[in-house]
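In what follows, structures are represented as C-alpha cells.
One chain, chain A, links the two complexes that follow: it is found with chain B in the first and with chain C in the second.
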Partner chain A sequence: MAITSVKNLKEFSTSNDRFEGAHLLCPGCAHSMIVRELMNCTDDNLVISTNTGCLEVSTAVYPYTSWDTSWIHIGFENAATAAAGAEAMYKARKRKGTLKNPDAPVKFVAFGGDGSTYDIGFQWLSGAVERGHNFTYICLDNENYANTGGQRSSATPIGASTTTAPAGRVSYGEKRNKKDMLAIMAANGASYVAQVAPNKWKNMAQAFQKALSTDGPCYINAMSACTTEWKFDPKDTINISDLATDSLAFPLYEIINGTELNITYRPKNVLPVKDYLAAQGRFKHLFKPENAHVLEEWQKRVDEKWEYLQRREEARV
Partner chain B sequence: MAEKIDLQEIEVWDGNYAAAQAMRQAQIDVVAAYPITPSTPIVEGYANFMADGYIDGEFVMVESEHAAMSGCVGAAAAGGRVATATSSQGFALMVEVLYQASGMRLPIVLNVANRALAAPLNVRGDHSDMYLGRDSGWVQIDAFNAQEVYDMNLCAFRVGEHHDIRLPVMVHQDGFVTSHTAQNVRPLSDDDAYKFIGEYKPMDELLDFSRPVTHGAQTEEDWHFEHKARQHKALMDARPVIESVFAEFEKVSGRKYKRVESYMIEDAEVIIVALGSTVESARLAAQQLRDEEGIKAGVVGPRVIRPFPFDAIRDALENCKAIGAMDRSCPGGALGMLFNEVSAAVYTTAKRPLVTNYIYGLGGRDLAIVDIKAIFRELKANADAGKITTQIQQFIGLRGPKLAFFETREGK
Partner chain C sequence: MSNVLSNEKRGMRELGAEKKVGWNEVTHGVVLHSFEDDAADIALRKAEDRKYSEFSSYTATVASWRVIKPVYNRDICIDCQNCWVWCPDSSIISRDKQILGIDYDHCKGCGVCVEVCPTNPKSLLMFGEALSSDDAIAQWPVKEKKEK
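Moving on, here comes the complex of A and B:
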C-alpha cells in the first residue's frame, strides 16, 4: 500500500513492509522510520544502495537481511555511484531488451549517513548528481559518525560534544557550524532537494514522492535523531524531532531545480532553540554560565537561516 | 542495434586500441571509466565508438577511478557486461573497490596499462600497479603485445562471466611499450568475436524484482573466513576454465595460449621468467645466445598471474639448472614477487634449480637485449658452478654503483 492511500499513522504502522522490523538499529533510532516510510511511499520496484554506516551494518548481517527489495552495499563513500552504476545498467538493458521485468517501474535510491554524505562520500555524490543519474539520495543526518561511536562530522552543529571534538575544561565542543548540503546539492544540479524530519511524516512522504517522481538526481536531507549520541531517552525520538522542527533548528523546506525554494513547514509557535538543545546530553555543557555565548550564537544562526530561507522563498531565485 | 565495423584481416593497432576494439565487440552494457595515462586512449577509443553509433551500452565518465570501479560494481550487480580501464595511480585509487568487486563475485573486465607508482611521479611502464593488485582476488592475465591484448580481452569476459567462477578479470599490458606501440593485429570479425564471448547470463541481479537479492552484506568472524575461502577456491577453480576458454579461442582464431607460455625450454639450462613485453625481448635474447654462444637459454612467461600457475611453472622449470626471476616492481625490502613464487614452485621439485632475482625497468627504464644476454650469462655461470655466484637479488640497468642484496650461505 503506497502512502498516498495511507490516512493515518495506525494504517501506516500496519502497511506492507519491504523493510523488515527485524534489524539491529538502536531502539529509538529514527533511521528505520525514515527508511520504512520511503519504501512505503511507492509501489514501484526499488534498487537501494547504502553506504557503510549504522543503517548498513544493522540491516544486512549475513546470513540475514532486512531488505525485501534489491539492495547493494559497496563501501563507506560510494552508494551514490553504486546506484548510478545500477541505473546505467538499467538504461542499457532496457534499450537492449534484456531485462526480466522490462515494464516494471524502477526507482533507484541511495542512503548514506551524514559522515558518508557530507564528508567521505561527498565527491561520489557530487559526481553522480552532476552526471544527472535518475536517482534519489537520502542522507540520514544524525550529525555525527554514530556507527563508530559518535565522532564529529562536517554535519555536526556548533557546541555539540562528540568523541573527537568533546566538551572539556577549555572547550565547548564543536567549533564549526554544519555544512549546508542542501545549498550545495541545489547548486550541484539536483533537480529536487528537500530537508525532512520523521516527526512530520506526511511532509516527509510528500518529499519522497516528489523526489521519486522527478526525473534526474534528487537529494533529501532527513534529520535522524540519534538516541545514542545525542543522548536522550529512546522513547523521546519524536519529541526531540518536534523540538528540532518547531524551534527551526531543522527547518523543513525544498528547492526545485536549484532556485525555487519553498518552506514546507511553518511552526505555529516557534520554540526557543535552547528548548531543543536542553533536551539532549550532547549540548548539556552549553548551559554552564561560561558557554552562554554559544547558546546565543545558536539562536542567532537559526534566526538568520530562517530569515534567509523566507527571503529566498519570496525572491524565487 | 549498434552498427558493426568491417575490420581488415590485419589491422595496425596499438595495445590500447586493441583493447578498445575488443571492448566494442563484447557489446558491453556499462563502461564506467576515468582517464589516466597510459590507458586513456582505451576509454577515448571507446568514446569515439560511442559517438559514431557503434555502442549500444552506457558509457559513464565518472569523477575518479574509485568511482569508476564503484560504478562498475553497481552496474555488474545489476546484471550485465561491464568493463573499464586504468593505470598506476588510478589503479591505486581503485584498490579498495577492487577487493569489493572480487569479494562480491562480480565479473568485471579491467584493462590495466601498467605504469609505475609515485613517488616520484612517473608515467612510464613498470609493474608496480600489477603487483599492487596481486592479492585483490581478481584473475590477472598478462598480454605481451597488442595482439594478445585483443585476444586476452575476448577471453577475459568468458573466464570472469563463467558461472562457476564469477570473478573480475584484469588484462595487463605494458604501459607505452605495448599500449602505445602500433603493431599488426589480426582481429576476429565483430560477429565471430561476439559469438565467442557469448551473451551475458545474469546471476543474482538487482534488476530481477521477482527475486530480491542483497549484495555486499556484512560478515564478521562467524562467516567472513568461509566467504574468503570460497573466493580463493573460485580463483583456483578458474585454472581449468581458463584452459578451456583458451582451447576454444584457438579453434576460432588459430592462436594457442597457455597459462604459462614457454619458449625453447625443452633443453634449456638457463631460463628467464618475466612478465609483459620483457618476455618478447627475452625470447630474442635467448635465440641470439643459442646462435652466437651456444648457451641453452629459454624463457617462461606467466600468461596468468592469478591464479598463480604453480603447477605449470614447476613443470616448465624443473629440468633447468638456473633461473632468473625478473621483477619490474620495487620489491620494498623483500625479494621480488616473481622470485618468491617461482622459488616456491621449484622448491617442490627434486632438482631444485638455482633461482636469482633481477629487479629491472622501474619507471620505464629500458631493458636492452644486451642486458638480458648478460643475465643469461650470469645464470649460465650459476649453472656451471652448481651454486649462485652472485647475490640473490640484483638491480639491473641502474645508474651508479651496482646494487645487490640478499646473500647466499657462502656469502655471495
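Moving on, here comes the complex of A and C:
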C-alpha cells in the first residue's frame, strides 16, 4: 500500500485531497474530517460505497459530486454489500486477466452512518464480514439518524433526548444502552476492529492505514460529533470530541483478529463524564435533580467499560 | 478557484433543458466524472494540477452559507497545520508544509479552525462577512498576558 506519512502533521499536510469542498454537510460536521483523512492517508486507488445517510445525501447532490474516486451508492443498508461485490468482481477479473490496469493497487471502503450500520445494514455488514471480503467498513457514529431529524438508533446512548425518545416530564430520553458494535464485529470475524475519533488525528490515520493494509474485512467505528443533533456550537466539534475521548465516553482501542485488544489512547487526566454530557444540549435535562441517577448510571457504565478494556488488554485477549 | 456553475444553472446542464429539471426527468444511473482527463494518478496531483469537470463540487461554492468568516494572519502563524487537518470543508490551503490561506468558495464559517489554533493571539479569527481581510488584520488583538 502506498501510504502517506502520518509521522507528524506537517508531513501529513503534503498529502493531496480527494474529498472536495462545497459538499452540503453542516458547518462543523465531523463526517467530512473523517472521510477526508481516510482518503488523504493513502495514495492507492479507492473504490468507495456509501450507505444512505448524511454523508451520501450531502456529497452527491446532482449535478455535483464531492468524490475524486470511484463512488457508488445503492440503498440504505448495502454499502457493505456493494463494496463486497466490487471486491469480488475485482478478484475475479484479476484472475481472468481482464483488468485494464492489474498492477494498480485498489482498496475497497464502505461508509455508513450509525443508523445504517447498527440497525438497518447490520445483516448486510455481518454477511460481508462473514464472507471475508477484503474491505474496510467505516461507521460514522453520530449516535442518531441525523439525516432524517435525529431519531434514536441503537447507537444512541442512555439519557440522550432524541425526536423519537424525547426527554420531558415523564421520560429522561433514551432508556436503552448503546450496542457494542466493536465487540460484535470482532466476534463476527473481522480481522481488524478499531474505535477512533477525529480529534486524535494521528491515532485515526494510523487505524485507517492499518485497516487498509490488512487483508480481510475490517471495521472502524469513528466517533462523529453531530453539531445539529447533539446540539452544540459548530465551532466546538473538536472540543466535544476531546471531552469524549478524555472522559472515556469514547475509549479508543483496537481488536486484532478478534483476540488481541490494545488500548490506543490513554488520557493523562481522565475527566468526569459529566463534563462531556454538560457540553451538549441533548443531555441538558440530565442535570435536573430528578435525573441525577442517570448521570450516575452513565459514569458507572463508563468506568466498568474502561475497567473491562484494561483487563482485556492486560490479559492479552 | 472561481465558481464555474452558478446556482441558476443547477440541474440543467446534463439534459440541456431550458427550464429546471425535475426529479422525474433526471437521467437515471448517470455517471458524474469528477475530472475531464484521465484520473488514474489523481492521488499524486495537487488541486491546481487537476482538470476538474463541471460536475465536481470543487467548482461549486457554499460561500453564501457564511455570516462570519475566518481571517488568516500570516505574521502569527506557526504552520502547525491543525486548521488544515480539522477543517471540515477542505478550505485551508496548505502547500509545502505552509498555510497559504483560506478557500472562501468552500468555507462555511463554522469556526473550527479558530478553536484549534494554538498561537497566542490566534492566527485565525472570525470576523463579519462584510469586513475586508485588511481591515480585520488591522484590528487584530495583541498578545494576551498569561494569567498567574
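Just so it is clear, the second predicted complex is superposed on the first by the 303 of 317 C-alpha atoms of A that agree within 3 Å, B and C clash if a C-alpha of one lies under 4 Å from a C-alpha of the other, contacts with A are read in each partner's own complex, and residues count from 1 in each chain.
Basically, a residue touches a chain if its C-beta (ideal position, glycine included) is under 8 Å from a C-beta of that chain, and two chains touch if they have at least 3 such contacts.
Since this is a predicted model, take the numbers as computed values, not measurements.
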Which superposed partner A:Pro63 touches (first chain B, second chain C, both, neither): both
Which of chain B and chain C A:Thr162 touches, first, second, both or neither: neither
First (chain B), second (chain C), both or neither touched by A:Glu37: second
Which of chain B and chain C A:Thr117 touches, first, second, both or neither: neither
Which superposed partner A:Asn101 touches (first chain B, second chain C, both, neither): both
Partner chain(s) touched by A:Ala82 [first = chain B, second = chain C, both, neither]: first
Which of chain B and chain C A:Asn188 touches, first, second, both or neither: neither
First (chain B), second (chain C), both or neither touched by A:Asn144: neither
Contacts of A:Asn45 with chain B and chain C, given as first, second, both or neither: both
Common interface positions of chain A, toward chain B and toward chain C: 45, 60-63, 65, 67-69, 101, 104
Residue ranges of chain A touching chain C (in the complex, touch as defined): 2, 9-14, 16-25, 27-33, 36-37, 42-45, 59-69, 101, 104, 198-199, 201, 227, 233-239
Interfacial residue positions of chain B with respect to chain A in the complex: 29-30, 32, 56-58, 60-64, 66-67, 70-80, 82, 96-97, 100, 104, 200, 202, 205-210, 212-220, 223, 227
Partner chain B, residues of chain A touching it in the complex: 45, 47, 49, 56-57, 60-63, 65, 67-75, 77-78, 81-86, 88-93, 95-96, 98-101, 104, 106, 123-124, 126-127, 130-131
Of all residues in chain C, those that touch chain A in their complex: 5, 10-11, 13-14, 26, 30, 32, 34-35, 39-40, 42-47, 54-58, 60-62, 65, 79-82, 84-91, 94, 96-97, 103, 105-112, 114-116
